[in-house]
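In what follows, subunit A forms one complex with subunit B and a second complex with subunit C.
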Partner chain A sequence: MMTASTRLMKLRDWVRGQAGPVDDDSPLLESRLINSLQLVELVLLIEELTGRPIRPDQLLPASFRSIRTIYENFLGGQSRPEEGA
Partner chain B sequence: MSASIGSVSRRLCDLSREHFIDPYSRIRWPESVDPDGWYFSPRLLSVHGTAVAGMLGEAGMRRLSLLEALNFFSLNIHGEKQLLQGIAARLYEERFRDASPYLQHFIDEENKHLFWFGEFCRRYGRIYPSRLVTLAAETLPTDVEDFLFFARIMMFEDIVDTYNSQMAADEALVPVAREINRLHHADEVRHRAFGRSLLRHLWREGSTRWSRSTRERVSDSLRLYPGVAWREYFNPDVYRDAGLADPHAVMRTAWASEEAVRRRQEMIAPSIKFLVGLGAIREEQR
Partner chain C sequence: MNPSVQSQAIKALTTVRGLHWNDSGQAALTGELARYADRLDRAFARWAASLGAEPLLPPPCLPPGVPERCGYLSSFPHHATMAVPVADDDGEDPVRSLLTPAACYHVYPTLEDSHLNRPVFLTLRATCFRNEDVFLPLERQWSFSMREVVCVGADEDVSRFLETARKTASAWCEILGVPIRLDRATDPFFDPASSPGWLMQRLLPLKTELLSDGLAIGSFNSHQSFFGETFSIRVCGQPAWTGCAAFGLERWLLALIRRHGPDACGWPDPETLA
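Up next, the complex of A and B:
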């Protein structure tokens, strides 16, 4: 079973692979760091990391605002992701 | 010089009246479906040309064909619901005065399609949910929004019609699946002609006022859209329902396969050619 911190690490790797050097609070959609096609890929990645489908009512831009909001909404993050990654 | 949108609309209204049908009695729905029938043409299945197809064998591909038909009709449901909302919002707006008579038929015919897709999914399986995130509306001028909306419809319909037209002609398909594709294709021929005519009109009316950055935004957005529209044809839920062990790995393999890349380029080529011809997509993004 993957831990929340492993899921976070994989999420960071993926986002940085797509958008370049971003931090956990960088606004991914507002700043167009992630485009609409990458957003579909991101939804699929989150489902794969958690083994659960994302509910239709969670498919809102606010849920995917930044790495931190994704972590808190979907990946089991309770509070702030650990620093330094 | 191309025909005015008013004359195109009148001609298409006549054709729609000539081909008017009652959707509720048009299709004979079998009580149940044979799980070993073909519901989707094998060469159009998402895993066609990949190692997964070989692993499934013909019996597995037949079972997958029902699931991919359900996914195809589900994606049509999600897409057409958005299309109906957008067209209804524009109906009777003064700027669509000449096009409105045909928009009324457009809505009528899309609603018929929804009925067929919904019946098929509910009778023989389920409606697969979409994973698309509805992004907040950008603050773009109305004429830019109009153009983008109808350009996306054109691309969505071009992709769907590639499937419809091929499956309408596929005698191996179970009759109910073939008939839905045939009926859909028959209407889409008119819708696609209307879409191109309306886009020429909207482009002519609006684009000369757009700034360079607006034109670039339009071009970028349109170039990205076919990938988004087609991405969900590769659905891990379908692979899971087909009993495949690692649905996400299957999805990645199928999406990245040479066959899928080739088909995607082939399917979107007419839309891209049209939009490059208008000037809406930059030549270097072709």
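Up next, the complex of A and C:
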């Protein structure tokens, strides 16, 4: 079973691989760091990391805003991912 | 849509005085209904003028090349109606001009290669064309009237404008006695099962709709820097952001009919809006 901090690390690696050096609070969609095709890949990555499908009612703007919000809403993270990582 | 539902919807509107429906998806308005539509539009235009909006009188078609640059033909080919001459013997492709699908597409080419040092507002009314599987009077027409107010500026200018527009339009509906709610929207064109566009719209809401009984009578849209980059419009050195508030006049009439009955003589006075 992957720990929350491992999932966070994999998420960070993926996002930075797509968008370059971004921090955990960078707005991924608003700043267009992630495009619509990459967004689909991101959803698949989250599902892969958690082993669970994302339900339609979980597709909320606030949850996908940044690495931090994805961590908190999907990857089992607490409120301070930098400290837990 | 079930054909009988469609015919019932059309029959229900036959009592509306001044509405002349044609099954091609077009309506002519006469009498008090026509006067009311005009007064309502002038109220929208007065509000636009109060923001400093300059008027734009658009041609019926988008200039050749503009639909492609705006991505319209790749995103919404099923809605497009082209204007084609019957006789065109100059050897060139006659299918070049798109009948206006949304008013604001006329704005951006007029600002191409401009460098602005402050936000610019424009307003226009256009007859817009959208091909649909089913047409319904005042609700879903092949051609309809759209009043738009467009803001071209920095991102914060556009956000502020859209917020003001949402509040203003909500207040108008209260004055007119039309119940509404605001809801973020996704284009139905995008198939949730297969389209990355749908997911992006859902998670980055750039479009809010003003809904009356489920009918979108207005929308408030942020295009971010898409048109600024496409048409090289810059504000203070950065690609301009754009946003528009759009009002479908026929749908406002339908919302008023549903609330106040078929005779426009008894409807609230639009002169009080702005």
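In this section, the second predicted complex is superposed on the first by the 82 of 85 C-alpha atoms of A that agree within 3 Å, B and C clash if a C-alpha of one lies under 4 Å from a C-alpha of the other, contacts with A are read in each partner's own complex, and residues count from 1 in each chain.
Following the convention adopted for this analysis, contacts are C-beta pairs under 8 Å (C-beta built on N, C-alpha and C of every residue); 3 or more make two chains touch, one makes a residue touch a chain.
Quick caveat: nothing in here was measured; it's all calculated off a predicted structure.
Contacts of A:S36 after superposition: both subunit B and subunit C are touched. Touch criterion met: A:P61 reaches subunit B and subunit C at once. With both complexes superposed, B is the one of subunit B and subunit C in contact with more subunit A residues.
After overlaying the two complexes on the shared chain, residue contacts for A:P53 are found with subunit B alone; subunit C is out of touch. Within the superposed three-chain model, A:L44 lies in touch with subunit B and out of touch with subunit C [touch as defined at top].
Subunit A uses residues 29, 35-37, 39-40, 43, 56, 59-61, 64 to touch subunit B in one structure and subunit C in the other. Taken together, the subunit A residues at the contact with subunit C in this complex read 29-30, 32, 35-37, 39-40, 43, 56, 59-61, 64. Across the complex, subunit B is touched by residues 29, 35-37, 39-41, 43-44, 47-48, 53-54, 56, 59-61, 63-64 of subunit A. Within the complex, the subunit B residues that touch subunit A are 129-136, 224-225, 227-228, 231-232, 236-237, 248, 251. Within the complex, the subunit C residues that touch subunit A are 192, 196-197, 199-200, 202-205, 224.
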